[in-house]
Amino acid sequence: MRRNANRRRAYTVSHSIFQVRDLLRCFRHSSCSYIDFYGCVLKLCNSIHRHRICFCSDHRFSVSLLLEVFSRRNGLTSRLTCLPLVGKMFDWGRASSLWPVHIATGCCSPEEMALVSPRYDVERFGVLPLPALRQCDLLIVLGLVTHKMAKRVKLIYEQMPDPKYVMAVGACAISGGLFWDSYNVIKGIDRILPVDVYVPGCPARPEAFIQGIRLLQEKIKRGPSK
Amino acid sequence: MSFEAEAMIIKEIEARFHGAVIEAKVQRKRRIAIEAGKEWMRDIAKYLKERFDFAIVVSVSAIDLVQERQFAIVYHLWSPSHRNLTALRTKVPKDSARAISLTPLFESANWHEREAHELYGIEFDGHPDLGRLLLPEDWNGGFPFRKDFKLAE
Amino acid sequence: MSTIRLNWGPQHPITGHLRFILDIDGDIVVRATPDIGYTHRGIEKLAENRNYVQIIPLVERICNVDSFNVSLGYVSAVEDILGIEPPIRARFIRVIMAELNRIMSHLYWLAIFGVAAGLFTLIMWPIADRELFIDLAEMVTGSRVTYTYFTPGGVYTDLPEEFSERTLKTLDYFEKRLKDYETIFLHNKLYQMRTVDVGILSFNDALKFGVAGPSLRGSGAKIDVRQDEPYAAYDAVEFEVPVEASGDSYARAKIRFSEMKQSVSIVRQALKQLPSGPIRVKMPSVVLEGEAYTRVESGRGELGCYLVSNGRTQPERLKLSTPSFRNVSALAYMLRGVKVADVPIIYHSMDIWPLDADR
Amino acid sequence: MDYFDLLVKVAVFPGMAFITMYAYFVIWLERKLLARVMLRIGPLHVGRVAGVLQVMADFIKLLGKELIIPYRADRFLFISLPVVAVGVASLPLAAIPFDEYWVIFRSEFSLLYVFAAVSLAPIISLLTGWASNNKYSFIGGLRAAYQLLGYEVPVFLSLASVAILSSSLDLMQIVRSQSNLWFVFLTPMGFIIFLISSLAELERSPFDIPEAEQEIVAGWMTEYTGISFGLFYLANYIRLCIVSLLVTSLFLGGWFGPAFLPPMIWFLLKSGSIACLIILIRGAYPRVRMDQLLRICWRFLIPLAIANLAITAIAAALITGKPFMVW
């Protein structure tokens, strides 16, 4: 697990859609705070908004943003939203209800199936797989990502609503793994996405998955790093 | 162990396509290898299909022969009734890699030939659709399965 | 009226690693184009840079729900080239592990096929029972899904002592569960409504498109590599090859159920006959020049492994002709003119594992 | 009418607060029960006991999530529909009697009112599908509209038999007339038809065609994010609660029951068990196809419902001696 997902690393993939990612990278939940009630909410949202328009949305707002706008208009200097308790509550909610998006990119997908199955039953921790990515907040990259898939993974990540988390599962997603010298496999998903948790294994065992999810939950509960 | 059934097939093929068949031999039980000129491929395949019920193309493999500067294209045909697998092999030069497609004859060769086209750059004359199959849409790195395509070190 | 184009996948609840481009007119699919290649790793090319033993884990990754069978195909090709023959005990162990893997693979199929019609109970039960077989495999090999257990010349280690007893226990339990599955799946009226006469693939079409495995046998063709050219120790065990004539999704489902029963019986027979003796012969240090094409019946169908050696430590060419690659090419034809709601059913009745198709 | 009384009723007990709590409970129950059917445990670690706080965590998370409005979507509809959906879903509550006293609004024609409100739901789905500017949503909305054609007629036909039996369209009167014998015993066929078609009305398995996950992702909810999705989610379960309450009032004798428990408890127990039944059906049956649903409804349910209605009418006329006596 990496404490700070903001990892400035030059990636070699040169697809046009990937370029946007660089601009967005600093707006991650953990590196910067646009949704976490620590000021500067409006500014960051606006700058994201400019870049997002080409994908899916022409406007975005969240409840925290509304609170912010409301308190500024009424001269409340957003004291309400700065309450640590409110932030803690939201962190707890996010940590306890991670809904992974359904995307299978590589060979770890049978292990993900085992993860939701009776023996490992990850719903105990509040992880509920949902069909539509608009409602999800955890992108589990299951194993290798090819160049063809990378564009889609990228797009999926962009279309997910904030705050969102990325979990890289398996040796291939971490570093290319067994296919390190392949011409079509991206050597580590962190070249295109900011990764929160790395789960090793080839393929990763469900126990490792669960450990990864627990680590991610701890990370979310600690709140944003400043 | 004798291979009577296999020898019979080879004998008929050699008799029928005398001169076209470069080499025909029994490799082991239920395995025949026939090598022929590329312009004869469709005729031999047609004969095999109609005479011996070689109905399915189970695999089409191209091989990059570096020394000979040629591609070998190997069609593996399976005959359900004779329980026999024939490797029908031909060679095309690397510079003008064109072969005659067997897809009009065997629908099952369709995607295999597309794959060979994509990964080796072999053109198949008479193939209905040699569109992109496995590689990314915007791939322009050449033909990855050729021997001169170097992988990362 | 114009058609609507739907892109199903790669992020879609049913498609897994591939994409369908569906042109639909109302509720009818006018044209369906499967788009594969999302997991194309170039394993065959990578194999040209590895030595013969290093390739085994690579090959297993093409279909890691069925990795015993896949590696068996590759390993026997190497054995053919080297001209070695595994000892008799190793061959029986191979049969046992391959059949256990077939059950796992079919259970995985059942889970996905069950959920294709929207019943989530049926995703959980088979996966839970699959875990028992994974336990057996883990006991022998120490790994959950990718084993690297078969080596050229035999198997890597001997079976543990309690393996036979525990396998028999698992099989007893599994036979009971199989009856449950038949109740909630095969005899479920709603499932029959969804699958009978859906996605019919006639005998001639199946041969024409080169469909493989249970999907082919669901169309009435009695083609099974285990019977056509017995490898490992399949000539020493008795089993039937189930065939259904109707060629619809229900027939393909029924085939897989019968195959699971056959696999149980094969494992029992093989355990009974399991001889003692060495498990491995030594690999010769020199690789001969030559080529071999071996076929194995994996859970998804016939898998062909074409291996060309030029005498060096790395193969000249490895070509894997995978069942999913053959089956997915028939989908464009099968999905034409069906209802949108039937697309998941037909797609998963073919048991296509896109990793297998892309390689 | 005491206005304070009315306020309490609307806001707290049979009204919004209660139904939200009830829906919360049903969501939790569904996750636990389905998990048991699937041999799992379900939510466990969130909240001290049996994951009771799981749903709350979900909603808090959804509250903090970004809302995305798709490009070229109908913004006004897109934003307002989730709220409208919750409102429309809880409308029927106004006329459902929980007790002789606990009912928000009494009317001679409350049955008609309730079902007018219940059949508004597919309109919301249709509008949502249209407003999202997404193909899957649009198909989902259209499917919801088609589905309406299937189940609406059997619902009303089976209700007519209830109305005949109680000679009233007043829900209170309908419940009162079951004080001795529940209608489920008098018209079992009507009960079954109503239950099946209300499954279709709720868009629940095996008739969850408008939100068929394997075909059209999440149907008309595909584009919704954050709390607007949460509101739809809530609205769906409010509808489930309403249907379970309605089934209890119409067929299971409302609050009547042996005296060792208070009437209100009986009412909630009965409706809770109907909710359980609806949930368990989801764990046992796959989804049918659209044409199959319409075939089931038109070839099977509607003739049965008409026969049931005729038999009930004739029997009621014979027993009471008043031909065609209703209202």
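Labels for the chains are A, B, C and D, by order of writing; each one numbers its residues from 1.
Here is the rule we use: contacts are C-beta pairs under 8 Å (C-beta built on N, C-alpha and C of every residue); 3 or more make two chains touch, one makes a residue touch a chain.
Computed from a predicted structure; not experimentally measured.
Summarising the inter-chain contacts, the pair of chains with the most C-beta pairs in contact is A-D. Using mean Cα coordinates as chain centres, the one most removed from subunit D is B.
A separation of 47 Å divides the Cα centre of subunit A from that of subunit B.
One simple way to say how far apart two chains are is to compare their mean CA positions; for subunit C and subunit D this gives 44 Å. Centroids of subunit B and subunit C (each the mean of its C-alpha atoms) stand 25 Å apart.
One finds 34 Å separating the Cα centroids of subunit A and subunit C. Contact of a single residue of subunit B with at least two other chains is seen at positions 135-136, 144, 149, 151. Counting partner chains per residue, subunit C shows two or more touched chains at residues 12-13, 37, 40, 42, 45-46, 49, 123-125, 128.
Shared interface positions of subunit A, i.e. residues touching 2 or more other chains, are given as 117-118, 131, 146, 148, 181-184.
The chain pairs satisfying the stated touch condition come to A-B, A-C, A-D, B-C, C-D. Note for the complex: subunit C touches subunit A at residues 10-13, 16-17, 37-43, 45-46, 49, 57-58, 61, 64-65, 108, 111, 123-125, 127-128, 130-131, 134, 144-146, 355.
Residue ranges of subunit D in contact with subunit C, taken from their complex: 34, 37-40, 135-136, 139, 205-206, 208-209, 212-217, 283-292. By the touch rule above, subunit A contacts subunit B in their complex via residues 15, 146-148, 151, 180-184. Residues 35, 53, 56-64, 89-90, 92-94, 96-97, 117-118, 121, 123-126, 128, 130-132, 134-135, 137, 159, 161-163 of subunit A are the ones that touch subunit D when the two sit in their complex. Those residues of subunit C that touch subunit D in the shared complex are 4, 6, 12-14, 27, 114-125, 128, 184, 188, 190-191, 193-194, 339-344.
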